[in-house]
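Questions regarding the structure given below will be posed in turn.
Per-chain residue numbering starts at 1, and chain names A, B, C and D are given in the order in which the chains are listed.
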Amino acid sequence: MTDLAVMAAGIKLENPLILASGILDENGYTMRRVLQEGAAAVVTKSIGTAERPGYKTPVVVDLPDGNLLNAVGLSNPGIKDFGGEIRIALEANKPVIGSIFGSSPEEYGELAHSMQLYGAAAVELNLSCPHVNGTGLEMGSDPEMVEAIVNAVKNRVSIPVLAKLSPNVSNMLEIAYSCSKANSIVVINTIKGMAIDINARKPVLSNYYGGLSGKAVKYVGLRYVYEIKKETGFDVIGVGGISNAEDVVEYMMAGASAVQIGTAVGRYGRGIFSAISHDLALLAERLKVDRISDLKGAAL
Amino acid sequence: MTDLAVMAAGIKLENPLILASGILDENGYTMRRVLQEGAAAVVTKSIGTAERPGYKTPVVVDLPDGNLLNAVGLSNPGIKDFGGEIRIALEANKPVIGSIFGSSPEEYGELAHSMQLYGAAAVELNLSCPHVNGTGLEMGSDPEMVEAIVNAVKNRVSIPVLAKLSPNVSNMLEIAYSCSKANSIVVINTIKGMAIDINARKPVLSNYYGGLSGKAVKYVGLRYVYEIKKETGFDVIGVGGISNAEDVVEYMMAGASAVQIGTAVGRYGRGIFSAISHDLALLAERLKVDRISDLKGAAL
Amino acid sequence: MSHSAVEVLWSRNESPTVKTLAFKWDQEVLPGQFVMVWTPGIGEIPMSLSSLGEIKTITVKDFGPPSAAIISTNPGNKLYIRGPYGNHFTRTDGKKLVIGAGSGMASLAPLVDKNTYGIISAREKSEIILTGNFDQGKVMVTTDDGSMGFKGNTIEALKVFDAKVDMIYVCGPEKMLFAVYNYLKDRGIRAEFSLERSMKCGIGICDSCSIDGFQLCRDGPVFSIDQLGSMKEFGVSRLTYSGKRIQM
Amino acid sequence: MSHSAVEVLWSRNESPTVKTLAFKWDQEVLPGQFVMVWTPGIGEIPMSLSSLGEIKTITVKDFGPPSAAIISTNPGNKLYIRGPYGNHFTRTDGKKLVIGAGSGMASLAPLVDKNTYGIISAREKSEIILTGNFDQGKVMVTTDDGSMGFKGNTIEALKVFDAKVDMIYVCGPEKMLFAVYNYLKDRGIRAEFSLERSMKCGIGICDSCSIDGFQLCRDGPVFSIDQLGSMKEFGVSRLTYSGKRIQM
């Protein structure tokens, strides 16, 4: 039987499959269930300092072919009220990675510190939300700011730090280099996009613009994983459009140490984690490797 | 019967459907046939000063769900040997738009001048090819360079000038503003991506990286058309993922004066132009407009 | 095209604050399933279908801006809907009881047949809706203020309801569901409950509708009495629109 | 997964420069259709299938690096293929003649049955392939240097070939096709020609394979004699890999 265990960002995972931030991860009971049903780890919804309702509905557009557009708008209860959810999630005895967003290095540092106190196994810096002003992508496209945030967080916490980057930039590689102190780089967040309803003659999302995710963005994610791994050699976690075992292997061959799954969880249900684990073991046999981690970087 | 005629970049088109650059447009006979079979205009393959073989095969990856990855690598015979192809295409008596790429404002100016001499109805500046160094995106992500190129070309030719921009940038709006002298902005070119074959354990494209096009990029294209139209008010031509009449209407409602179709021509054949024209007339009736151009900007 | 544009054929006031709107939608829908109804510029909210024939209806209570906008859609104008979503009530031929409070009656309405009894509750008379769906004498009404029917709450009505039934269907505010659940849990009667939560996506992505790790929009909104028995959040707490946990 | 990975089962030399490779591929393919064969790191080129049963074959001439790489794939190793692409020869039960030159015989091979005559040409003896597919006495060989069969070219062979046939299938260098076309065009015989062009995409996108606005990879590679009659590029000019027009 194939060994599915991997090391990613210095964390040992029982399989390479992590729940991506923003999908089924604002309620502690849901995270607990996703872990119990087969995810190796979960990343929480991105949490900020203060409570935010996010945007009005519609906040998602269900697109054809396994794609999705969303502008949830970083709704979250605020860090103070999130400890309880993490506590519930931790009952599954698997790593919970706390995702955070802020508007200054200090704020990221504070949020990360709270996540560490809550028992998070690592902290993921959302430097890439494409549809909220004053955070996310706005900070994440400036390499100096990114470096300042990563360093501030590294100084504040002892748990691994993951930097989640955006594909909506001209200079991804430069930004990746500015994360040299991070334990891993997570790519990609969603690609900025929009959907229009021709009967209503209106953009569908209440925020007009949102982020594209799902099957189609896999090819963009693969490119970033490959390019960043090849050029920087940093640990990279792949995310974007993964919905089956082949996709996972493609990302691992491109250099990812583990992957995150978002949109496909909505599409195929929480059972996708155990289903992919099962298929991954068979696929590894077909590819004649004993350990899934042997495939890491095979296409580099 | 609905009036499908539109004005785009100052050119009168019998319908809003233009063949996009790089698809079935290096051979004059092909362009002539595409025009005869229903396209209102064609954009030629991007032509440079010197002959270029482009990349070795594989130069395309046929992806699921109507998507495509390509790295043709700007193969072209060189401007001197392209006049004959345009002459053949012009036998269809419809506008032929000459696409060009260069590495300096002067070179773009020269190329544009040749296109004008060949009888092109307009020139389209490829400022956005994502997979060739020293041209395209490399120049197209620098607003000052874009402005210099647009202005150099405007000074050299009297035909309309279209600036085709890339989605692989942090600052699309700034770049769009730098094209204020252009007659129209064309968005989007492909999104940088990659595909990996898990059996071969290799990137499929000989160039590794390529550009993603097809159905999935529609949502990214719509966003750029909408945002550029809304913020700058410039004439915008939409391209990306269009494969049916609904897609055309979505782009027009987002503010496009006309659209270009690429990948779907391969998917559905050259007949797609007349098929969409037919459906477009019916759809306009259903939407209760007499002229398709009445839908322009309806969702803004 | 993300939503289906359906034309409102007619509408009917059920009470001063509740209105039924009818439209043609060529789509099979099962009792208990819901649609997301979008009013451009205002918002999108989940709505059960209150009849499932070729002509379908939703029955909407005027609550906040999204529901008010739906209610004000006049015949001839369009509703923008997507779905149907969610699981559904298990139909049975036997004798059944539906217990509905407030707009909760909407999702129960398609279940009502000759063999169905009803307990309908509300705060006061004007909020009692859809009693006409039941056969004469098969429906019991309760109001908090006694302005119509029986003065009291659902549980008190349930206590005096003595007919043996094969299945009980319940929909309404969670407080009421929880009370009914507690009353029924050791009585060995089959029962299904349709729950409500904030619902942002409707497609199992956003987690806003979850209860004990189950997504109301996919795994629910209908849960059996046994499923509810194992839930720690049922009747106890839920997340707000921003994701903050509040007590019920 | 962009390509199917198929294992080479066996290979066989047809001539010093031509090799047939066999693999199992569970895919229906019609005579005249082709696949794109990718050798990672080297390139991808179109190849006709030279037999179409459960075990399929390609018959490859050693030409440049891509074809040489395919030829050197040993049994047990993988070929990476996609397809099948293109249209196909119209099968007929009647008497037929196939005219093949060089590796052009590969795409004609699946058409050969008891009722088929052949004219096979090449520069010299060692380049003559696949004669064994024909019934004894039904194949005529010509070489430029007379080292095998008849000394001369296809047209000369055609002139002495006197059997009446219902259909002629032709594949080989365009010069030969053009000569055959000119010979046959006023003779009122049904004939189909399989053409070759540079092929980069195989899926009707890149224009590198086009002739008179038709894409060989979609509308072809097989064209009837009538279709060829209206083509201005046939036998006259084509585009190189870079897109430059050159005379044939």
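By definition in this document, a residue touches a chain if its C-beta (ideal position, glycine included) is under 8 Å from a C-beta of that chain, and two chains touch if they have at least 3 such contacts.
In this text the structure is predicted, and so the values were computed from the model without any measurement.
Removing chain A from consideration leaves the other chains connected by touching in the groups B, D | C. Hopping across touching chains, the smallest step count from chain B to chain C is 2.
Centre-to-centre separation between chain C and chain D, using Cα means, comes to 68 Å. Separating the CA-averaged centres of chain A and chain D is a span of 50 Å. In whole angstrom, the spacing between the mean C-alpha positions of chain A and chain B is 33.
One simple way to say how far apart two chains are is to compare their mean CA positions; for chain B and chain D this gives 36 Å. Within chain B, the positions touching two or more other chains are listed as 63, 195, 198-199, 202, 246. The set of chain D residues that touch two or more partner chains comprises 1. In terms of which chains touch, the assembly is arranged as an unbranched chain of neighbours. If you check each pair of chains against the touch rule, the ones that pass are A-B, A-C, B-D. Those residues of chain A lying in contact with chain B across their complex are 63-67, 69, 141, 167-171, 191-196, 198-199, 201-203, 208-209, 212, 215-217, 219-220, 222-223, 226-227, 246, 249-250, 253-254, 283, 287, 298-299. Residue ranges of chain C in contact with chain A, taken from their complex: 1-3, 5, 36, 38, 40-45, 66, 78, 80, 82, 200-208, 210-215, 218, 232-233, 239-245. Contact residues of chain B toward chain D in the complex are 23-27, 29-34, 45, 51-54, 56-63, 68, 70, 72, 75-78, 81, 84-85, 195, 197-200, 202, 204, 206, 263, 265-266, 269.
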